[in-house]
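What follows is a short report on a single structure.
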Amino acid sequence: MSELSGAELQFIFNTFSFLLWGALVMWMAAGFTMLESGSVRTKNASVICLKNIGLYAIAGMAYYVIGYNLMYVDVGSLIGSFSFFRSPSADELALLAGAEGAREIVVATDYAVMSDWFFQMVFVATAGSIVSGALAERVRLWSFFVFTLVLTAFIYPIVGAWTWGGGWLGAMGFQDFAGSSIVHCTGGAAALAGALVVGPRRHKFRTDGTVTSTPPSNVPVVTLGVFILWFGWFGFNGGSQLALGGAIDVLAMAHVLVNTNLAAAAGTIAAIAVSRPILGRVDLLAGLNGAIAGLVSITAGPDITTHYWAIAIGAVGGVICTASMKLLERLKVDDVVGAVPAHLFAGVWGTLATVIAAGADIVTQLLGVLSITGFAFGTSWVVWRVLEKTMGVRVSQKVEEMGQDVAELGIDAYPEFVLMPEPE
Amino acid sequence: MSELSGAELQFIFNTFSFLLWGALVMWMAAGFTMLESGSVRTKNASVICLKNIGLYAIAGMAYYVIGYNLMYVDVGSLIGSFSFFRSPSADELALLAGAEGAREIVVATDYAVMSDWFFQMVFVATAGSIVSGALAERVRLWSFFVFTLVLTAFIYPIVGAWTWGGGWLGAMGFQDFAGSSIVHCTGGAAALAGALVVGPRRHKFRTDGTVTSTPPSNVPVVTLGVFILWFGWFGFNGGSQLALGGAIDVLAMAHVLVNTNLAAAAGTIAAIAVSRPILGRVDLLAGLNGAIAGLVSITAGPDITTHYWAIAIGAVGGVICTASMKLLERLKVDDVVGAVPAHLFAGVWGTLATVIAAGADIVTQLLGVLSITGFAFGTSWVVWRVLEKTMGVRVSQKVEEMGQDVAELGIDAYPEFVLMPEPE
Amino acid sequence: MSELSGAELQFIFNTFSFLLWGALVMWMAAGFTMLESGSVRTKNASVICLKNIGLYAIAGMAYYVIGYNLMYVDVGSLIGSFSFFRSPSADELALLAGAEGAREIVVATDYAVMSDWFFQMVFVATAGSIVSGALAERVRLWSFFVFTLVLTAFIYPIVGAWTWGGGWLGAMGFQDFAGSSIVHCTGGAAALAGALVVGPRRHKFRTDGTVTSTPPSNVPVVTLGVFILWFGWFGFNGGSQLALGGAIDVLAMAHVLVNTNLAAAAGTIAAIAVSRPILGRVDLLAGLNGAIAGLVSITAGPDITTHYWAIAIGAVGGVICTASMKLLERLKVDDVVGAVPAHLFAGVWGTLATVIAAGADIVTQLLGVLSITGFAFGTSWVVWRVLEKTMGVRVSQKVEEMGQDVAELGIDAYPEFVLMPEPE
């Protein structure tokens, strides 16, 4: 057994970090699925499961075929390379094929090419997951899949090229460690655009100005989803250190995980605390969404904020989320799971909070969050409108009333359970 | 790329081990939530979800603000420092800020300060999770949260100071590798004290001496919870090696994980096997609780017992748990999920089993388990009584009959499902 | 702190890889449990939970007592050693006991003995999990447990001895990286034999030739199960590199994880796409099973196939699975969860696909898959027949109609929920 060089050790640590934390981020796809399928009414719970496993599959494929290259390969100011597929490097293939001589060249590259692809791929899937919840119960299955394809092959990768890919925002020093803006505002803005184009669920906003309550159909499943997201976020933020091969990397990772947990805890507590004044009752769902908002808020700067600030950022995120759930209702925007408050609004807050908490440049942060949100919203809105004119984005009134499970899939989520007749 | 020194490598390995296994222990919070929300009646399933996500948030905050310092900083014989907040060391902050010169000093400290905090924090949350299940369906939400705060800021940290913090029990050589006593007896004793003060659910023990059966409302969710706990326990026990930077550490970790799995398997099988004679039927819930009891039992000494002994310890733990579920019923103690049998009784057994199985000192082990259980029970009892006199600990008869979900939260767990009317 | 030798570092990395990925594979047991308990009718959901936690416990014990040695110790051509228990090496025990001098000898062995046991143990449990789903709703609890014991103590270990243990198939160069054949065909063939002996559920195949639809009772839980499996598969395939101590290992692991995800995504998409022509509707369950089939298909060669081929292999696996679900119905084989299509048929495909995709030897691959499937099917069939003649394998008509939950356990899965009366 030969000695391991420092370069080889770093290659092992860095690559392993991508793989392991990446696997944990993949698990977040299950979290979104549970959160969403427990939040929708029983008559749409199967379709939302299909949308979620479908979107994870589509995102992985789209990012493999086009997205990654557009985001990371030969990035100019605006976009990377429009080319297809991502493969290990020639040296890596040689080493895999047994050419020991390639080892030195490979280990000098810091990490395996495809381990980075894997880690980035689970992020694009996260952006896609944000959309499905907001549009649940009325968006057409196939239109949603087409949108997912565009989002994960083009919209998200272009935002990514500007920033992590080294484009114009990256060059300006835009601070967004694990993607408060890049992932969560992008996903949240895409969700908002979709919610506006697709429109609210029938009867959600009544003509007399009142709002129909549409409580989650399966609260333990929603709660499970949030715990999965919290757990997976350790991979999301921890892995975003992008390295593990030195003391400073693992030290930063520890800092990041602690901040992540503190912000989520603070978001939960703050959201529960303000839920009574804002929503009129101590609210579990506000608390759950507050946890997510805390997580989203800290995601822009868990590496550079102190633990005190992490608590403050998370708490404010939780309050913003709770308040904006109310606001969206006022604005008659129907977001079934509160994805826009928890991802878009908390993401904006988190991105800007780095200015206050850690001295990030206010102009750059504002420019970043505005351009990312604006671009994601605008392109998404166009795509949703095109889909509306072509495939249609909304199920028929009859399908909506029957539920998509029976009408689109023929698979009830809970076929043996006797359910309440829906109120007229 | 420079070479990595042995010290730096150990720093990376040790810190990463804390972070990774700690994240897995956090996941146990989801396990308790599922176990408990599936075990309670549907009318209380939302509140138990809120209690669990709330307790995890509160525990993390309390342990950050006070608990950790009380447990680990400047520990005398009885308690550590009464001071606030926990931060990275000055050298770590310097290194994070880019002062490369701090690296050597930092890596000589073996692991990142906050990675240890993270790992210890998820343990205190576990102790809190044990309580919520036992008291489900009748304890007030806010009283429970206040108790959680006291438990995680003071009671658990003081027990921890005596032992892992280096206090009097630690100095005597008390053997409790990952906390059969420190975590599970503490949590179990706090749960027992609460169960006694809060009292059984109405109608649980009828005046004619019979016991009302209150079966779990959602068995697959309970089972999921137990699988999550089993999975998470690899982090709980494996991470408790507290190091990964040498062959001996990873070797011990392998030993620990194998013992953990063997004891859980033996606990499951033994509990199923004795469930028919003891409970009158082959019992899934006994088997599930037996798995937990096996896990709790091995937790005191997975590092020093042989694999044969791990099986024996786990099996006896499973039997004790099953038998004491029956015993508690006889004593008219209402523990909704069997937390006292699985955590307190199996924890006592596991702590003492190290005497038989691995030659731990019987006096020390007895003293340890008695003082920990006594202290946790006594202080918890006082806190519960104070809460009873002030906030009240028990929901009103009306709330209990309606269910806490509707009465305290206004959120049904399964609002669309038609449920059985409750028997009079 | 002394420097760490290359050998010690490799020992740490390799052992840690076994433990960590092994823990993730254990989590797959929860995935099968959710998949199965959501797939069966509510009246059998508790029993399937008991079967699953029981089988995981039994598998771990059987493999500890006998299985591992039969598979890996002193393997001749056909079987290993018929001896009992597995323990750390004497040198390891010495090192654990503090004999520093043993360190050099220990680290030269590459990994901790019991870490390998742990990783292999979770694989045998997987094979057992495959069987429970296929036979759900009518196989007797105790007969199933006895079969599990034989499968995990003898049948699977013998197949394993031929291959990974270094027996005749291994010597021929049979390619089966993580067990498309060894784990999934073995489990799938055992399931098929059981399904044939136990027979279909009453009324599943009506005398008029039509098939009674038995949709899953809890779709979100099924979906959760599939996500757990997908997540756990990163451990299943990634850990099967069996080493992490060199750049080439972690590079291969990255390749394996990417292929695993691509194949699963392709399997999902392909299965959804062909579900309409084959099954008459866009089918969530086909998509979910397609994900599993994609995962099984790539498992034989994720290390040696390109990413393009991984996509193709997974997609074909998804199509085979969907088509053969239909085929089994035609043949009146009642496989409740589609375990035979997803594990046996996709496993055969995956094993043979390495010939096309990566130049594996066609004769060896054919011989391997035939002998493994034939042996597993034949021995399983004999065991099931013996069980039929002795304990009985099938519950009575009355128990089947009442449901095993009430009749065998006395524990309803969802006791408070009002359920549909079953159609005559």
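A, B and C are the chain letters, set down in written order, and residue numbers restart from 1 in every chain.
Note that in this section a contact is a pair of C-beta atoms (placed from the backbone, for glycine too) under 8 Å apart; a residue touches a chain by one contact, two chains touch by 3 or more.
Quick caveat: nothing in here was measured; it's all calculated off a predicted structure.
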Superimpose the Cα atoms of chain A on the matching ones in chain C and note the rotation angle, 0 to 180, in steps of 5 degrees.
120
Mind checking chain A against chain B and telling me if their interface is mostly the same residue numbers on each side, over half, or mostly different?
different
Taking each chain's centre as the mean of its CA atoms, chain A sits from chain B at a distance in Å of 31
Residue numbers in chain C touching 2 or more other chains?
9, 20, 218, 224, 414, 417-418
Mind pulling up the chain C residues that touch chain A in the complex?
5-7, 9-10, 13, 20, 24, 41-42, 108, 215-220, 222-224, 226-228, 230-231, 234-235, 238, 244-255, 257-258, 261-262, 264-266, 268-269, 272, 281-285, 287-288, 291, 306-308, 311, 414, 417-420
Complex contacts: residues of chain C adjacent to chain B
1-4, 8-9, 11-12, 15-16, 18-20, 22-23, 26-27, 29-30, 33-34, 37-38, 45-47, 49-50, 52-54, 56-58, 60-61, 64, 85-88, 92, 95-96, 103, 106-107, 112-115, 117-118, 121, 141, 218, 221, 224, 408-418
